[in-house]
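The structure that follows is given in the form of structure tokens.
Chains: A, B, C and D, in written order; residue numbering restarts at 1 for each.
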């Protein structure tokens, strides 16, 4: 019998970049952040990461087993979910927190909806939101591992935990109820007016209705010389990863750009509430510490890694821009006026909820027609 | 200015922070039942806005002119509110069917579904908070109730339409068999509620 | 006991009730709208739980959709089959007792060799879109074997056997014709139960070609044509075709066919019919 | 770098053109026995007008065009008709074919291969020459050229575009033709412009063929005149730049309305190969009996651009280029993006076969659920949502795809090329189109019955 050739539908060329390649690139892009976490927080942070990743992969395999669908753990998507979940957990968290978080992320947020490609919400963030609701104290614990950095922020912080009396003393000295807390963003949400008196080194305070943040503080935060979650403290490391993803064209610039730009713009424009001793007052318009809003907290990991999650973001470019702007708006609103110092997680989840509608509004105009296509639903 | 801020706060709270479905978990029956298609979700949402507004106004009047003068506000509010809302909606439905068939087609069919819904009753109960505020005039109280009613409905509609978008997408997803239909809708609602946690604490 | 408060409460509630009752009564007269009475009848049958499982806003919405034939009658899951049956009676769509019909696949070429390897969407229709080589098997008339009919069957009456050929379970088949619609090679047909003799081949290839590639393909030998006492079977364009106007279902062609292309299903069908009738009798007594 | 003209959307597959890019066009061996299919074009197949044992000359009409949308078929060699039978086509269908025994003489039929000056031909005469020569779109679409050149009353064509883009990876036949025979291409273009009475002509060339662009630019300048303005346009390297609608969008910035033809917006697109064939028909009286086929791919040891007679079995061409039958997994007629896989080495070369690839990579279709990355949306030149179409196709709701504008899809395969979930989007789209056409037919029949 003659040789049998293979018949496949066209096209006969396909990109080498399959799901696995994309996910591996994301893992690689996250590597600097985790290496920095290892340097900054020590081994337990990596142990937390490992727990999250392993649990995610095992949960994925179990779910696929239960659903009688082929195993696809080799596509690294569960690994990425585990890594992202660990990235938004505090470094000293108990072992069961990443464990439960990964199970919720993969088992409920992903496989209940049909697995990769069908989840409505970013699994890692859904896991994080679940943990926030289930273990609020563990997630927001104020005790951090001993820092290696030498910044002033560090010393203040150590003082808070080490000697409460000293803090009270210092506060008396400057004549204000200075409250500094773990992360720079938490400080931002609890700023007070020091009434023109001596500043406390490293603290963020209000003077003449304007929040005072020094460049060195911002630089510290940008470098990661601060407090925060495992993967999000170093904006620099995340930026490197983000640039790598952009360079490899894994993600497009639309979401990160729209997200960060909106946060910067609104962070600058909107007045923030603060305590002037007796009541809540508001800072002046157009004076916000926008740079701190950009480099602080989880904005970079959110903008480059979470919001750009393909499954849970819009498909068209216009939709991506809208999505990014929405995330930015919600992030700032939650950060400045909301009950949480950090708005990235919830803002992305909220915008994930809106994605089906954004996709519906931003359908491209079909070539040769005046309108976008509109299938019946 | 002050007034505007107060109303803005009421609106923001009604739509997002205290969203009836996602924060107070009221009105889940129509939320799950009529969120399969976007078109019916919008119709249902409009009906809810309509009923909530009407109920807010009517019950506040009942409260101010009947319950309070006769000191029955502590035990007869729920009973009388239900009766009034149900009858009012029935009547409006009857009238609408005859007088505005087009409008009836758009939202009339949803009206009987929500006449005695807990979300509607809930909004009237919440409105009583305004009535108990010190130094508030009758018109102010009525106005705030109506604004609250309208925007509680808007919040409900928002949740409903978003849910419909999500469920339309889930339609084509290989959701595990045991999860298809209402179970996954409830899980999705729970996830939405988790996301709406983000609004918590915004005053 | 505070009789005064009680009486005020009772009085005001009664007052509210009375006023509202009168208003509603007046309203329902004043704003009376005539509706298709079938809507109400259907609504009465529906469980009235307004669960929304049908995808319509409440039972009344669904009832209206049924009457305006926007929706099928089987969407109410709380009501179940009984409910659907009752609705069908109101809508006048009751199924009369007719002779059952069954689907049949006119190909037995499970072992026709392949011409090439195929990799793509596992659907017969996708395998024959232009540019897909025209079907994987050497016979370009016969079954492709990707089971599109089996997936399309709403009753699970079609299964694919180990030779990738569809097997139709006549117990489950309702003769709905979905499999006929989806088959790109047009192999499935629906026919009455009493018609039992079929040519299970559609190949117009020359006899020699068919002989080489298929064990059960019509080779146009014309033996059936010669055997038929009623002049009811003819070989047209290399394929035996039965003229059912003349055919008396004697089955003589079945016996002479060297390739087993022509089949007679009388025995099996009679047995099944008897079983069915006895079952029905038992059910009535 | 200045921004090159292009269209919105598109993808960048690796071009693999270096394999056969430098191989000059050579004549392929003419086999002993040629199988000339009657259906080599879109439209009605030609009807054989010769009988078995008839003597035929090269260029003699052996299949006569049936109706307007159809094309003549000519004998590619001189010899004897051996049999009238069937053969496979790249589409996977079967068609009538005439088997001709080659006598090796290559005698031309009377009146063929005679030089003539087409200066004085009227547009109508040019069209009839083209129709007589059986010329069809040689980029692969195989639409009869004379039909394209006859716009109905009231429609005028203001611009003729020559398609020298060759955006399909691997293919180099148009590129070689542009390098080796620029005059004939441009003269063919002039003939087309005269046939449709317009005086703007452009030749679009992708930026990855700078040498071809230079030659075309030079030739255009030389031959350009005030009543026939010619220019070569350099276009961005992007697939599917060579699609008819995409070329028009890039060069003229016009969009063909949905469901309409380029002539509705005053544009006409011809492949450079067709233009060359038109030159040969009008200047040399040679009907279309041969074409350039790029024989290439990883399983071909000596990739080449062969001038092959219509009717040569593809196996002969592949063997001519020393192809490794063991190594080859897949044979493709045309380019790798839109070309069709085939299994039969005996299948003859036809008028639309621009390339013949033997690939070693089977590219299996183990696909996953759509991960909504949006790459297909960015890459779609028709601005559709291929991901949505694929989901509709996967779930079998083909008729819903119509509302998602599936009929506007040009099946270029860009979406499927970029899909990281490896979804066979184009196949689902083709399937949906097929089912929609079936449904339309059914409805039309129903309407007729009523």
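In this text, contacts are C-beta pairs under 8 Å (C-beta built on N, C-alpha and C of every residue); 3 or more make two chains touch, one makes a residue touch a chain.
Predicted model only: the values in this text are computed from it and were never measured.
Across the two candidate interfaces, B-C and A-B, the one carrying more C-beta contacts is A-B.
Taking each chain's centre as the average of its CA atoms, chain C and chain D sit 44 Å apart.
With centres set at the average Cα position, the gap from chain A to chain B is 33 Å.
Separating the centre of chain A from that of chain C, both taken as means of CA atoms, is a distance of 52 Å.
Within chain C, residues 115-117, 119-121, 126, 129, 131-133 each touch two or more of the remaining chains.
Each of the following residues of chain A touches two or more other chains: 4-10, 114-115, 117-118. Among the residues of chain B, those touching two or more other chains are numbered 37, 173-174. If the chains shown are joined wherever they touch, the resulting network links each chain directly to all the rest.
Within the complex formed with chain C, the residues of chain A that make contact are 1, 4-10. By the touch criterion stated above, chain D contacts chain C in their complex at residues 88, 90-94, 340-344, 362-365, 393, 396, 424, 427-428, 430-431, 434-435.
Only residues 66-67, 69, 108-109, 111-115, 117-118, 120-121, 126, 129-130, 132-133, 330, 333-334, 337-340, 343, 345-347, 349-350, 352-357, 360, 377 of chain A touch chain B when the two sit together in their complex. Residues 369, 391-392, 394-395 of chain D are the ones touching chain B in the complex. Residues 5, 8-9, 12-13, 16-17, 20-21, 23-24, 27-28, 30-33, 50-53, 55-58, 60-61, 64 of chain C touch chain B in their complex.
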